[in-house]
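Both complexes shown next keep subunit A, but they swap its partner, so subunit B is in the first and subunit C is in the second.
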Partner chain A sequence: MAQIPVQTIHRDPQLFYWILIPITVVMILTGVLRHYATVLMATEPKKQELPAIREQRSLLRGINLRTNANVISPASFQARKDYLVNAYERGDFLKDPDKKGQAAANPMTDPAAMEGMMGMMKGNMAMMIPQTLIMGWINAFFSGFVIIRLPFPLTIKFKSMLQAGVGTRDMDPQWMSSISWYVLCIFGLQSVFNYLLGSDNAASQMAQQMGQMGPGAGAQMFGPGVDPDKQFKAEAENLSVLAHEYTLEGVEDRLLETVRV
Partner chain B sequence: MSSSLSHPPAHLPPAVALRISQQAPITLRNPPSVISSYSISSLWSAAETPELWTEYENLMLSCLRTGDEQSAHLCLERLTERFGAENEKLMALRGLFQEAIAKDDAELKQVLEEYENILTKDPSNMPVTKRRIALLKTLDKTTEAITALNEFVDSSPTDAEAWAELADLYVGQGMYPQAVFAMEEVLLITPNAWNIHARLGEVLFMAGSTGDSSADKYLGDALRRFCRSIELCDDYLRGYYGLKLTTSKLLSILPQASRQSKSDSGLALPDLKTVERLNETATAKLSEIVRKSVNGEPGWGGYEQAEVIAAKALLDSSAAKTIR
Partner chain C sequence: MLTERQLQISPIVQESVMHNTKTLTTLHNLTASLFGVGAGILGLESYPGFLFYLIFSLITSALVYAFRVRPGFIEESQAQGNSGMGRYFRNSMELWTGGLFEGLSGFVLTWTLFYGLVRA
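Showing the complex of A and B:
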């Protein structure tokens, strides 16, 4: 099989200084800027009123009792169970007892929920706008430039990825266009930002997208649109069917078996 | 800053706290980059860490403990500069500072009034609520402190610290059933905390020593609590100490205790043989701990000196009794 001759393209070395480096520098600077913009735009978490805190923590108390019931004596457990089940069923711990039994408010009309959505919007905006601007800038000035030759061979499949904006059919996929370099920068600058801004920075889009995928489990539990009364009823049910098993039963024999003097 | 600064200073022995606060002027010489004047290098320097501010808080507490009010004030100022005067935690810290520099009860009452003003504006300010309770305790208004704590645990029943404090206050008043209840709440939040198990055992032991009708039931519970604390933490000195005390007491009352009285609720008292064996084990373990800790054997350090001395005294007194 005949050896395929190595393609050589004579590029102006100025391409390197005036395209490759500017794109990289601009990407890094935008990342830093985005980080600080996000920090500035972040709203403080809204303070909760005392009844709301009471509602949440009373529910947590029931959950604690359910999971750790075995450390207290059967009599103590029974007393607590009776108290909590009664209080849960009457709705004593509710934030506003008058609203008991009504359907949960629509999360869209709840101002607290709107706040959270605004925060998410802001984060999205801080990501979208610079990206659009830089893409436009690169398209306007540098589209169609082949700027770098990768030092390793690649198959033809990579052509569409690495030579975006260059419509040359026979060019070796090792050659890379400016737009592809930009795309590579988006994904590859994470470690640079980590070095510059610390590990929990807001500069990288990847981290932000990850964050949107899985919001914290705690937010789900007390999030908007969840009816606390239903939660209390469910917890009362869980508590009342719980079988109690006292840990301290026979602990002295267990201890005598394990301790060797 | 040294690593011991990242732990709350209440757990530090006095010598370490003193050393930390003596180094405070050196530590505080350079303000952190975040609040110092703007420079281009601050744009690139690593972001501030939460640990830095924890260290400032702990340094301030250590300084207050050792009477270095100037350094404490500097810490407070820098914290205020960073987080603003309206921050809940800072309001409590500032109150703490004022409490520390107050000369007499009249000034303390002024601080108390300030707390109450803050709390009428914002009743959900947890740190200040806690400070107010602590100050009530300082002013010897125990009943008011108990009432305030009861309100606090009603709105925040998952706060182990508050429950423990409440139990402590009840013990001080001799209200043991209430104290036991509060300690059990702490255990429900932290089910494997051996020190809390031992503490509950101590409260039960105190309740059992008052000499009312259900004393032996309390002592049986106390015995089991101490056993559990040792089960959770091997060679736990406090647990063995309590176990020895409880078993000695039980041995003196078990023979004449009526068998019927304990079958109504809870577990029956352990039989005489078990209690005797537990007593022997506790004595042997205690003497082993004391011996090895005094000799400074590797792996046996870390016991608090006062506790080792107390254990030795207990062993000596029981030995004297047997000889007699």
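Showing the complex of A and C:
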């Protein structure tokens, strides 16, 4: 393979002061701003009525009993199980016991459900608006500038990605335009945000996208459109088929084994 | 692998696992950016740069192992005769390769930036 001479392009050092550094600083500051905007916009959970809370908590109690069953003695587990299974099956904890057999309400008409969707919308907005704005800002002011060179070679396939807005056919794909620097910043600034804001921050777009899948599991449980009676029935069934095995069984032998002399 | 009964007797607490992973990830993210600064100032290109990152990440992991993991279990391993890695990690790969990919994007960013600044 013939040695290809390295392309050198003489860039004005002013490019750094007026393009590279502004973009980087703006990206970092936007991340910080987004973090605090998300923190400030997070609405406090609305106060729920007593029966609604009782419905949720009693279901959680069943789940907790199921996960931690093995740390309590068989007698107390049996007592708790009997109580909960009976109550679940009778529907004692339901918010409104009269509506037991009916289908769940349409989630769109339920005001509590709308609240949740608004929260999700806000999160999306906090991500979308700055992204669009900065993209537009870079396009308007800095499009077409080649500002920096990647320190590692890339194949020609990356050319359209890295040199968006630069119409030079023969330029080495290592050279990056300002838009590509912006993209690189999106991916690489995670560690900076971790350092600045702590690791639970809401600054990174990457983390936002991951997070959208995460909380779905929690919301599903008490979400709208789920019949609580059916959940109670299912939990009662789970509890009654659970095989209980006491952790402390045979603990004396295990203890004696560790202190063998 | 632990059996179900052993897990009940000495359970793995999810919060602690997450805390350990998070601590390690933060360390790797931060050091990756700093390695990027180093590689950029040295003017490394292509393979030497990535090699630089790989070697220094492994050194970071080794330091964590030597100073934080090792002293904690040294008595324990003498008592029980196992490697003791399970005290903090579920398997040893988590320590050695865990932060390698998370830090890479930060490394590339600062590497490019400082390479560009130095070689302008």
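Following the convention adopted for this analysis, the second predicted complex is superposed on the first by the 194 of 261 C-alpha atoms of A that agree within 3 Å, B and C clash if a C-alpha of one lies under 4 Å from a C-alpha of the other, contacts with A are read in each partner's own complex, and residues count from 1 in each chain.
Definition applied: a contact is a pair of C-beta atoms (placed from the backbone, for glycine too) under 8 Å apart; a residue touches a chain by one contact, two chains touch by 3 or more.
Quick caveat, the model's predicted, so the values are computed rather than measured.
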{"item": "First, second, both or neither for A:S160, with subunit B first and subunit C second", "value": "neither"}
{"item": "Which of subunit B and subunit C A:E245 touches, first, second, both or neither", "value": "second"}
{"item": "Touched partner set for A:S143, first subunit B, second subunit C, both or neither", "value": "neither"}
{"item": "First (subunit B), second (subunit C), both or neither touched by A:T132", "value": "neither"}
{"item": "Touched partner set for A:N86, first subunit B, second subunit C, both or neither", "value": "neither"}
{"item": "Partner chain in contact with A:L189 - subunit B first, subunit C second, else both or neither", "value": "second"}
{"item": "Which superposed partner A:I72 touches (first subunit B, second subunit C, both, neither)", "value": "first"}
{"item": "Partner chain(s) touched by A:T43 [first = subunit B, second = subunit C, both, neither]", "value": "neither"}
{"item": "Touching partner for A:R254 - first (subunit B), second (subunit C), both, neither", "value": "both"}
{"item": "Set intersection of subunit A contacts, subunit C complex versus subunit B complex", "value": "70, 247, 254"}
{"item": "Residues of subunit C touching subunit A in the complex", "value": "5, 8-9, 22, 25-26, 29-30, 32-33, 39-40, 44-47, 49-50, 102-103, 105-113, 115-117, 119-120"}
{"item": "Footprint of subunit A on subunit B - complex, ascending", "value": "43-44, 46-47, 122-124, 154-159, 181, 184, 187-189, 191, 221, 223-225, 227-228, 230-231, 265-267, 270, 274, 277-278, 281, 284-285, 288"}
{"item": "List of subunit A residues in touch with subunit B within their complex", "value": "32, 47-50, 53-54, 57-58, 60-61, 64-65, 67-76, 196-198, 200-201, 246-249, 251-256, 258-259, 261"}
{"item": "Complex interface listing, subunit A residues touching subunit C", "value": "11, 13, 16, 20, 24, 70, 147-153, 176, 184-185, 187-192, 194-195, 199, 245, 247, 254"}
